[in-house]
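Okay, so subunit A shows up in both of these, paired with subunit B first and subunit C after.
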Partner chain A sequence: MIRQPASMRAKVVLGAMAVVLMLAGYTVLSERQHRLNPDDTTIPTWSLLGRGVSRIVEVGRVVPGSEESRSWLARQKTRWLVADASATGYRLFLGLLLGVAGAVVLGLLMGCFEKVEAFFAPPLSLLAKVPPTAILAVFFVLTQTYTQMCVAMVAFGILPTMAQAIYLGVKEVPRELIYKAYTLGASHAEVVWNVILRQVLPKIIDGVRLQIGPAMVFLIAAEWLGGEVGFGCRIRLESRLAHMHTVYPYLALLAGFGFGMDAALRRLQRWLCPWCAGGC
Partner chain B sequence: MLRTVKSSMLVALAGAALALSGCGDGDKGGSAPGTGGGGGAADAGAAVPCFSVAWSEYPSWSTFGVAGELKLIDGKKGALGPIEKKWGVDIELKQADYDPCLVMYGSGQCDAVCITNMDVLSPSLSRKSVAVAPTSTSCGADALIVSGDLKDVQSLKGKSVYGLAKTVSEYCFVRNLELLGEKEADYKFTNMDPGAAALAMQQKKEGYEAIVVWNPFVLETLNKRPDARVLFDSARIPGEIVDMLVVAADSLEKPKGREFACAALDAFYAVSARIEDPRTRDETLVALGEKFSHLKVEAMKKVVEQTKFYKTPDEGLALFTGAEMPKVMDKVVDFCVKHDIVKDKPVLGFGDKAAAGAAVLRFDPSFMTAVKDRK
Partner chain C sequence: MAGATNRGIVFECRGVHHAFGPNMVLHDVNFRIVRGEIVALVGPSGCGKSTLLRAIVGTHPPGRGRILVGRRGAAEMAEVAEPGRDRGIVYQRYSLFPFLTAQQNVALGPMLDQTSLAFRAFRFPSWRRLRRRHMEEAAELLARVGLGKALKLYPHEMSGGMCQRVAIAQALIMKPEILLLDEPFGALDEATREELQRMLLTLYAENCRAAGRGEEPPLTVLIVTHEINEAIFVGDRVLGLSQYWDWRGAGHAACPGATIVYDKAVPVCAPDADRNFDLFRDRRREILDVVFSPEVLPDREKHCLFWRQLENGEGQGVLQPWATAATTSGAGRDGSSTPGRPGPSS
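The block that comes next holds the complex of A and B.
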């Protein structure tokens, strides 16, 4: 029957099976490729991937007498993973923070004031369709350093879509609730804070969840273009050399990170907005 | 009427299917007999084996695209141009950006690839390779461009020099520093995509006073920013950055593998001859330049000066059999080991299979000789 409920156990088993199948499929693929060419590095075997992982986490070359040889912290930074994750993480979170903050402010203003909406709606709906990497030149002019450029690409990349989602959410807040608050003597700010924001907060968190993926894509594309460290630049340089055994672990990390962020934001939503348990 | 159209379409379809399955073998790269599965039965029906060449837009490599446009070779599977008929092989042209070409070759998706003598080292460690001919050498096509107020190389100290790391750009930079008696450690080469670096330079972005890029970015940047100038370029290291056609060793072992390499070279030399011939020079250059950043004929003349073609088998032979080539490759390998591009020194060989069969990368002049002898 359609929509027949499945037991928790069945769900877990099926989910795990899908992952196992995927890994098994990869194993078969890499076995086949290695039968064709035992030295293949493009679809590495698990042992080769293991070597790739150790390459990523091992301490890099330390010159005697340098800062790295003296300080423990500096030495950690010679590990690819530490250097790349800190650079990419910083850029991603700062970009997300700026993008979301801008989108919330803009979205609330647009949802509350029709004149603001009339002014911002056309450019936003146009910009929402432009991939930020396509207007690289603009970002170059707008920013000073390379890190700033990456941050700006993430922030501006997610801002239009998020702002649109938020302002449409604000417009969906039932009229009656707003009038009721006003009749009870609420000020404008109180209406925004106590009525509108409560209603759209779950949507904002949903919006962030949906934008994590695009934000990561924008960031990797920006890092692809240069920089000394960062996931994107490492993946580019390594894949050029056909070192897929170091590239795939990086991709797995990205996937794991996205999955973790998604789960964390869902928890945050449940904790911050208990009134919308089970989805709004 | 309708019936005949229908049945002729059926026949055409069947023919196409036959031709396609005939190419199945070349498609799989190194598939051993028996593992190919379904391909086996149809193979007997196909007379002409199919091999693929991955190429990207670059003056001496776009010759393959031009050869396809001129119908000297038919780049599609299952269709033969005159050169393909002459050698009895089917060549499939696969065009992609340079980096995807490297990945394609590394993963066995194509039999031959257009690649530089430096970038081939890493894939050759996992796929035994044979350089069948040089196509051109960079003679100014890779350049260090600085803003006008930087007078000499010393003034670059403490500044970032932007270019794509672990590529010929970095090699060109480091080798030129060596020639000038400078220490590499005193300079800072910062990784950046050449397109992005050229853009930043053209915008006069602060902090971007020196870039190492390749053509068409060199010419574009110099055109758009008159105050910028070339501080040094690959013209000082001619014959060190070599663009080549490389074929996988296992593909050469297949039936007609040698003929495939010869046919590809034949096409290259045919287009090169058209560039040399004053009657066809301009139109061929325009065809070459059309996809290579839409350069006009004047700019393309400059480009082919800076990317010196090995336009005849003799010129290619002179490079591959010359005493300089092993020395150059020593330098390139040293650079690659030092810059973490390859972990161990690959075993290189110079000569045909009998002379250097054990090498992972062999510079084999015998294909150029074969093309020369069968003009």
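The block that comes next holds the complex of A and C.
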């Protein structure tokens, strides 16, 4: 029957089965490809993937007498994983932080004040339709450093869509709740802080969750353009050499990164908005 | 802004008109409410009850006319044009903040009223002490409305009746001059509706006791309802707002909007009174004819006899001191229906 509920056990078993099937399919495919061409690197075997992972996590070449040879911390930074994850993580978090902060301020102002809405709504809806990857060249010219370009790409990539989502969320706050807050003696600022923001907080967190995927797309696209560290750069460099045994672990890392952030945000939502446990 | 003197009158609508573009909704709405009354406002769908309520709350001020509130201790009534803590409101829907528990919902009012964002952010220890007191007050009030065990429940975890009780407690904690109820029991089942009606009557009984002691009754209620039996059962007075009145006789070429066509005191029911609506049959028939029937177009003053009833000593409940004062001073009996006669000496 449509929408018949499934037990938690059935859900876990089915989910695990899907992952196992995917891995088994990959194993069969890579073994077959390897039989046809033992030097193939496009669909590497598990052992080759293991070598790729080792390459990612091992300490890089250390020049005697250099800072890396003296400092443990500096030596860790020669590992691709550490260098790339810290560079990409920094760009992603800074971009997300700026984008979300801008979107929250803009969305709240637009939802609360009709004149602000009238001013910002047309350009925002236009900007939301422009694919940020298409304006990469603009950021490339306008920003001064490579990191700035990546951060701007993420921030401006997510801002219009998220601001629109927040603004629509604010518009959905029942007027009665706002009127009631005023009858309870709230000031305008208190209505925004204590009523509207609290009411749309789950939607903001949901918005961030939904924007993690696009933000990573924008960031990888920006990193793909140049630079030396970062997941996008590494994937570009390694895929040029057809080193898919290094590229696939990076893709898995990206997936894990996104999944981890999503799980953390869901946990944050449960903690900050316990009233939303049954769905807002 | 100054208004009329505030001698026992807690609320007044004076010459309120309202229109949405060319669509006239309210025409010269006038009424005064005595402190401690439960006044039921009835009227046909689309007559402008909600518009009037919004004007009273202050979210949509009237196009013309004045809304005046008499605050405790103030000599004169003050005109209001925006929402304020002197008018509490309970809506049929969205009556509670969904992100707060029952206790937090009730404690929200004192928090917003007594502290500012800056106080809460920069004087945290003082704020925590105050917060504890607010939460205790909220718990006491919730216990009074029979929800002592539901303090930690969120609105989505409570029934409709429980939510409305919390909403009433939320309004009561602010000690508003007047509590506005916008079809508060409309979405509830019959049993819960009766339970809440009796709760209102219990609050009214407290008003009567206070009036009997010569004190100011603590709570005044204006309840908007489309249920006539409920209006008569819960209220001590029924106001009828209707677009069906003799506007031609008043010299208008087209209907200028709804106005008050019915204003009479009704028998006061005790909280444990038998809820036998057959007893109200004649009154119900009269209200149906005067307020709801498009065929009957009464003169707008003909059934607005509340103040004349008081002058003739017909007031019950909190109105009794008024009626007694009027009969002992020999006022009335002259046929005057002018609202706002001087109140009882207390």
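We adopt the following convention: the second predicted complex is superposed on the first by the 279 of 280 C-alpha atoms of A that agree within 3 Å, B and C clash if a C-alpha of one lies under 4 Å from a C-alpha of the other, contacts with A are read in each partner's own complex, and residues count from 1 in each chain.
Note that in this section a residue touches a chain if its C-beta (ideal position, glycine included) is under 8 Å from a C-beta of that chain, and two chains touch if they have at least 3 such contacts.
Keep in mind that what you see is a predicted model, and the values were worked out from it rather than measured.
Visitor: In the superposition on subunit A, see if there is space for subunit B and subunit C together, and answer fit or clash.
Guide: fit
Visitor: Mind working out whether A:43 is in touch with subunit B, subunit C, both or neither, as first, second, both or neither?
Guide: first
Visitor: Contacts for A:185 in the overlay, against subunit B (first) and subunit C (second): which applies, first, second, both or neither?
Guide: In the superposition, A:185 touches subunit C alone.
Visitor: By the touch definition at the top of the document, which applies to A:144: first (subunit B), second (subunit C), both, or neither?
Guide: first
Visitor: Would you please give the vertex angle at the Cα centre of subunit A, with arms pointing to the Cα centres of subunit B and subunit C, as a multiple of 10°?
Guide: With subunit A as the vertex, subunit B and subunit C sit 150 degrees apart.
Visitor: Please provide the least distance in Å between a C-alpha atom of subunit B and a C-alpha atom of subunit C in the combined superposition.
Guide: 44
Visitor: Mind pulling up the subunit C residues that touch subunit A in the complex?
Guide: Interface residues on subunit C, with respect to subunit A: 57-59, 82-85, 87-89, 91, 93-95, 97-100, 108-109, 112-113, 116-117, 154-156, 170-171, 174, 176.
Visitor: Note which residues of subunit A are touching subunit B in the complex, please.
Guide: For this pair, the touching residues of subunit A are 33, 35-37, 39-43, 136-137, 140-141, 144-146, 224-228, 233, 236-237, 239-243.
Visitor: Would you pull the subunit A residues touching subunit C in the complex into a rising list?
Guide: Per the touch definition, subunit A meets subunit C at residues 174-177, 179-187, 189-190, 193-195, 198-199, 201, 273-276, 278, 280.
Visitor: Per the contact definition, I'd like the list of subunit B residues that touch subunit A in the complex.
Guide: So the residues of subunit B in touch with subunit A come to 28-32, 35, 99, 102-103, 106-108, 119, 122-123, 125-127, 162, 165-167, 190-193, 195-197, 199-200, 203, 205-207, 250, 341-342.
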